[in-house]
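Let me begin by presenting the structure, written as structure tokens, before commenting on it.
Letters are used for the chains, namely A, B, C and D, taken in the order the chains are written, and counting of residues starts over at 1 for each.
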Amino acid sequence: MGRQGQIHSRNIASMDRAELVCVSDVNPKAKSLPAVEGVKFYLNHSEVIQRNDVDAVVIASSTDTHEEIILEACSAGKHIFCEKPIASQLEAIDRSLLAVKKAGIKFMTAFNRRFDPSFRKVRALVEEGKVGKPHIINITSRDPAPPHMEYLKVSGGIFFDCTIHDFDMARYLSGDEIVEVYATGSVLVDPEIGKLGDLDTTMILLKFQGGALGSINNSRQAVYGYDQRVEVFGPGGCAVAYNETPTRVAFFDAEGTHTDKPLYFNTERYPESFFGEMEAFVDCIIHDKEPLVTGRDGRLAVVIAMAAKQSFEENKPVQIDL
Amino acid sequence: MGRQGQIHSRNIASMDRAELVCVSDVNPKAKSLPAVEGVKFYLNHSEVIQRNDVDAVVIASSTDTHEEIILEACSAGKHIFCEKPIASQLEAIDRSLLAVKKAGIKFMTAFNRRFDPSFRKVRALVEEGKVGKPHIINITSRDPAPPHMEYLKVSGGIFFDCTIHDFDMARYLSGDEIVEVYATGSVLVDPEIGKLGDLDTTMILLKFQGGALGSINNSRQAVYGYDQRVEVFGPGGCAVAYNETPTRVAFFDAEGTHTDKPLYFNTERYPESFFGEMEAFVDCIIHDKEPLVTGRDGRLAVVIAMAAKQSFEENKPVQIDL
Amino acid sequence: MGRQGQIHSRNIASMDRAELVCVSDVNPKAKSLPAVEGVKFYLNHSEVIQRNDVDAVVIASSTDTHEEIILEACSAGKHIFCEKPIASQLEAIDRSLLAVKKAGIKFMTAFNRRFDPSFRKVRALVEEGKVGKPHIINITSRDPAPPHMEYLKVSGGIFFDCTIHDFDMARYLSGDEIVEVYATGSVLVDPEIGKLGDLDTTMILLKFQGGALGSINNSRQAVYGYDQRVEVFGPGGCAVAYNETPTRVAFFDAEGTHTDKPLYFNTERYPESFFGEMEAFVDCIIHDKEPLVTGRDGRLAVVIAMAAKQSFEENKPVQIDL
Amino acid sequence: MGRQGQIHSRNIASMDRAELVCVSDVNPKAKSLPAVEGVKFYLNHSEVIQRNDVDAVVIASSTDTHEEIILEACSAGKHIFCEKPIASQLEAIDRSLLAVKKAGIKFMTAFNRRFDPSFRKVRALVEEGKVGKPHIINITSRDPAPPHMEYLKVSGGIFFDCTIHDFDMARYLSGDEIVEVYATGSVLVDPEIGKLGDLDTTMILLKFQGGALGSINNSRQAVYGYDQRVEVFGPGGCAVAYNETPTRVAFFDAEGTHTDKPLYFNTERYPESFFGEMEAFVDCIIHDKEPLVTGRDGRLAVVIAMAAKQSFEENKPVQIDL
């Protein structure tokens, strides 16, 4: 029942086609969070999974607990919506996805940005053939401020914590597979981040199976807010998603023209996408469809992040094993 | 429990500081509307008003029933949130507001647009002194499509049905009083509207107490969606609110650069403002404050609409009796 | 050889299809202006008109001298490009245009804004039928700063000095005739302007023959620069021209997003239109075509400005005698 | 007297502080080009250089002739404005710059984009400290259409023909040195380009001395016109230059909102920068200042382009020898 757990709980509770049956957290204090007020609460996730009236589970616990919960849910035949990354070790992901396959349940990875209205529209312009076969994909993804040092220590590093979303976005927008990655990074925002062996600024170059080329740039600190822009260029044109802002007001004065900063962060920028991914999960269960973000999608983002880390460490391009 | 009643019901139900106790509609079918599922339902509004556990009532019935319900709620000492216009006759408004005064209850008029984030920001730029004392106020307010003829017949005419919002907006943005109005209009969208004695296109010129000048233009049909823009110009600069769009995507192709149409209509464009006005109502009750939109505001918008109608009919400017 | 005379001289000198033969000014100092360095100079305009190698004359002297020069040029059979207004008295304009007609020469009025690329595009969208028959025309026309008091004293008042351009723009954009005008105005920028019996802020409402409605707003002082925007709305859509800026740079910082102010004034904003009108004049002579801005256009703008002045003084709408 | 020679001739001829004395071209037909009508013409460039009344020469001939002309101009003590690249071989550049040094003349390399108003403003935001020390630089540089095959054969390849401008832009905007480059490329626009051993789509990753990271992407064909955007991100914010368009008109219709395509190509997009670089050259001579683009700048862009080519061929990052 961390930040994501609360978001998912509220979204499920507000749906007509789904019901929030119960929630679980190892911390008893979570019981009294406003998001789950009046909802049946367990300290042990197993009690959720074992209930007969539960059809599907949402896993938003810490990454190191995912595999255990996935395996347990598979045994119980419950559909699974799992936060990213599925696991930090490829073996754990593979064991999890094998269990999913055997259980025949739906498994969806939580790459919420695929459900953002702007990015969906860019993807639609590609899918409808208006952009044409992509030639260039550029992704800018900058946080407004670094997370706490405590979080950074266990985050897995910027490629796993931040760029992983962008690797998935690059695959989503292009409809193509990344076959090679070259990653660079610097410590320019805060030397404390460097002391952790992490980076706060990155630039990654991608090659796609179809010949397209891509770039991703990340920063842990954009003073103007959450900078989330994408661009797909092809023979038919170029689709660009600019940042969202709180209002559409412009103020003209003696200094210039002034408009809003981008929306501050996840909670402000992506509410539609958090709702949309959960709706898509409910939908794939009700209509027995392939989830819009698969376990393979979740696995590949981790594979690419691993390759990026290796590329940075060895300062050379690294092939992706698809 | 028409469109507005449903919107208000959902918004109240989702609030932490307010509770949706019960609803009422003369039509028994309203009982099974999704917006009020599981909520106590009455066919007679008096049963709502008489409940001891009801502190405040929201009046979203047809305009001709407002006075009766207001008087009844005043007698019962319930706070009132009332849809605009309060009544179509000035006498009825005056009787209603007198009863409100005597009862000592809170009364708020539903000019939701005052709670739109963009318009609030324009107002804030004026209030903070950045624009300076307003010189010019321009309001564009165009619907995507005319309502049904049946609705138009009882709408009271375009000045009362559409422009009334803009008269209030002009007062809100300027923080000033309109002292004179000159109104023109044409039938350019649909001759059927003209046959009803109504207009579908208007241009109104306003003079304010402080010397500012204003314009309002309305159309019943903007093929590109709901066109809701405002502008306040003063010695410090000019604050402009542009239209909201579903996404921030631009597509560059061989024909040009293409972005979204504005959001389609009320429901798409103004959800924050509908929620915001209800929050403000709850707030003024809980903290015993003056409502942000008063009965006088509701009355004046009607007075100005009446003057606009007279101005159009006589083709001359008409003074406002403040 | 005032500001406009110099602009026209430079533009003619740079054309392949025209030659700057000679110039004239009552002030001998004008001879050494950079714009006309090395060009034959006369103190008396008659010497220009009488030269055999002169085919056409550009009149950019003070308004009260226009009629005399026009009549003289007509007698000599020279084509005429004349700055606006043709004259301040209708009788003088009528005498001038009658002489033009009898002489069979080309006469073009200098409404340069018709040749601005943005306004031409708005007009093209109307002409091509994309906007459809206009319903609403809005024109914003605000100067960056008031002219000197000495100039204001002889300017003829804001309707003749500023709004005259907008009256012509309204006719140009709509392709329709203005049949009624209602004008209001305030002194909000500088009380000294009021002491001259002039206004510094105006709002004018227009009715067109085809039923369209229009508004014009003027201010003598927009602290953010020259605010020159137009909008034509019709059944097919809405064409809007925003302000031009020196660059397309946006700067995102902790306060917001900042872009340029509009270009400062005439010289910065309208160079293409000054060149374009002169090219059009040369073109109509070479190809024996009707000038794109006629003497009638020049006359009507004055007629409408007179009606606006009367409307303001009497506070009632005034019909235009077409 | 090719395209650039004509542009420079016109610009010099229109300046107050410089005079176009004579021009030269191996092709006698160049004599009758409109740009140099009436200007003294030579078939041999030496005759230009040897004239006593010539203070400075502009070299806009084919790259392989640059060295010879530079050495000759140095011997004659004439200042030099030289089109990019100075030469295709580093040795030739070094010989040229050594001669320049010995002669004590001014030498300016023609990186015109440094004089574009938008890019200058981005640079100013960096120089003034508003962006802060750059963290990320992104450059998009796409041509509207590939040049003729004949040109492509002698162009030196995309890194030398296109990206060279962007390498210089990256150095200019950042005020920092590029120390490493990793370059990728594809043939996605036209297989004929691939047959020449060239690329039509590139993505290059840059590392700067100060730790900043950069990307450049190029395409030989953007169907929407000349796509020339830059972005510098730092701790203070992000400065972005968007594309210039012919007008500022937006058209709202039932399909969406439509604005102009970017300006088509060099001639449309960069006239101010061509004029500005020549003004800067004249200025550095008159005021005996360091040219704003030096021979070292011209040399380094070639060094980086060579490194990019090597990086692409070996698929690994390449260090720059500063």
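Quick note on the criterion: a residue touches a chain if its C-beta (ideal position, glycine included) is under 8 Å from a C-beta of that chain, and two chains touch if they have at least 3 such contacts.
Because the structure is a prediction, the values reported are computed rather than measured.
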item	value
Chains in simultaneous contact with chain B and chain C	A, D
Interface numbering overlap (same over half, different under half) for chain C and chain D	same
Angle (degrees, nearest 5) of the CA superposition of chain A onto chain B	180
Pair exhibiting more inter-chain C-beta contacts, B-D or A-D	A-D
Centre-to-centre distance between chain D and chain A (centres being mean Cα positions), rounded to whole Å	41
Whole-Å gap between the CA centroids of chain B and chain D	57
Per-residue multi-chain contacts in chain D, two or more chains	222-224, 227, 236-238, 252-254
Of all residues in chain C, those that touch chain B in their complex	133, 135-136, 138, 140, 142, 182, 184-189, 201-203, 205, 207, 211-215, 217, 219, 221-224, 227, 233, 235-238, 315-317
Residue numbers on chain C that touch chain D, as the complex places them	16, 34, 117-118, 121-122, 125, 130-131, 236-244, 246-254
Chain D - residues contacting chain B, complex	222-224, 227, 245, 252-262
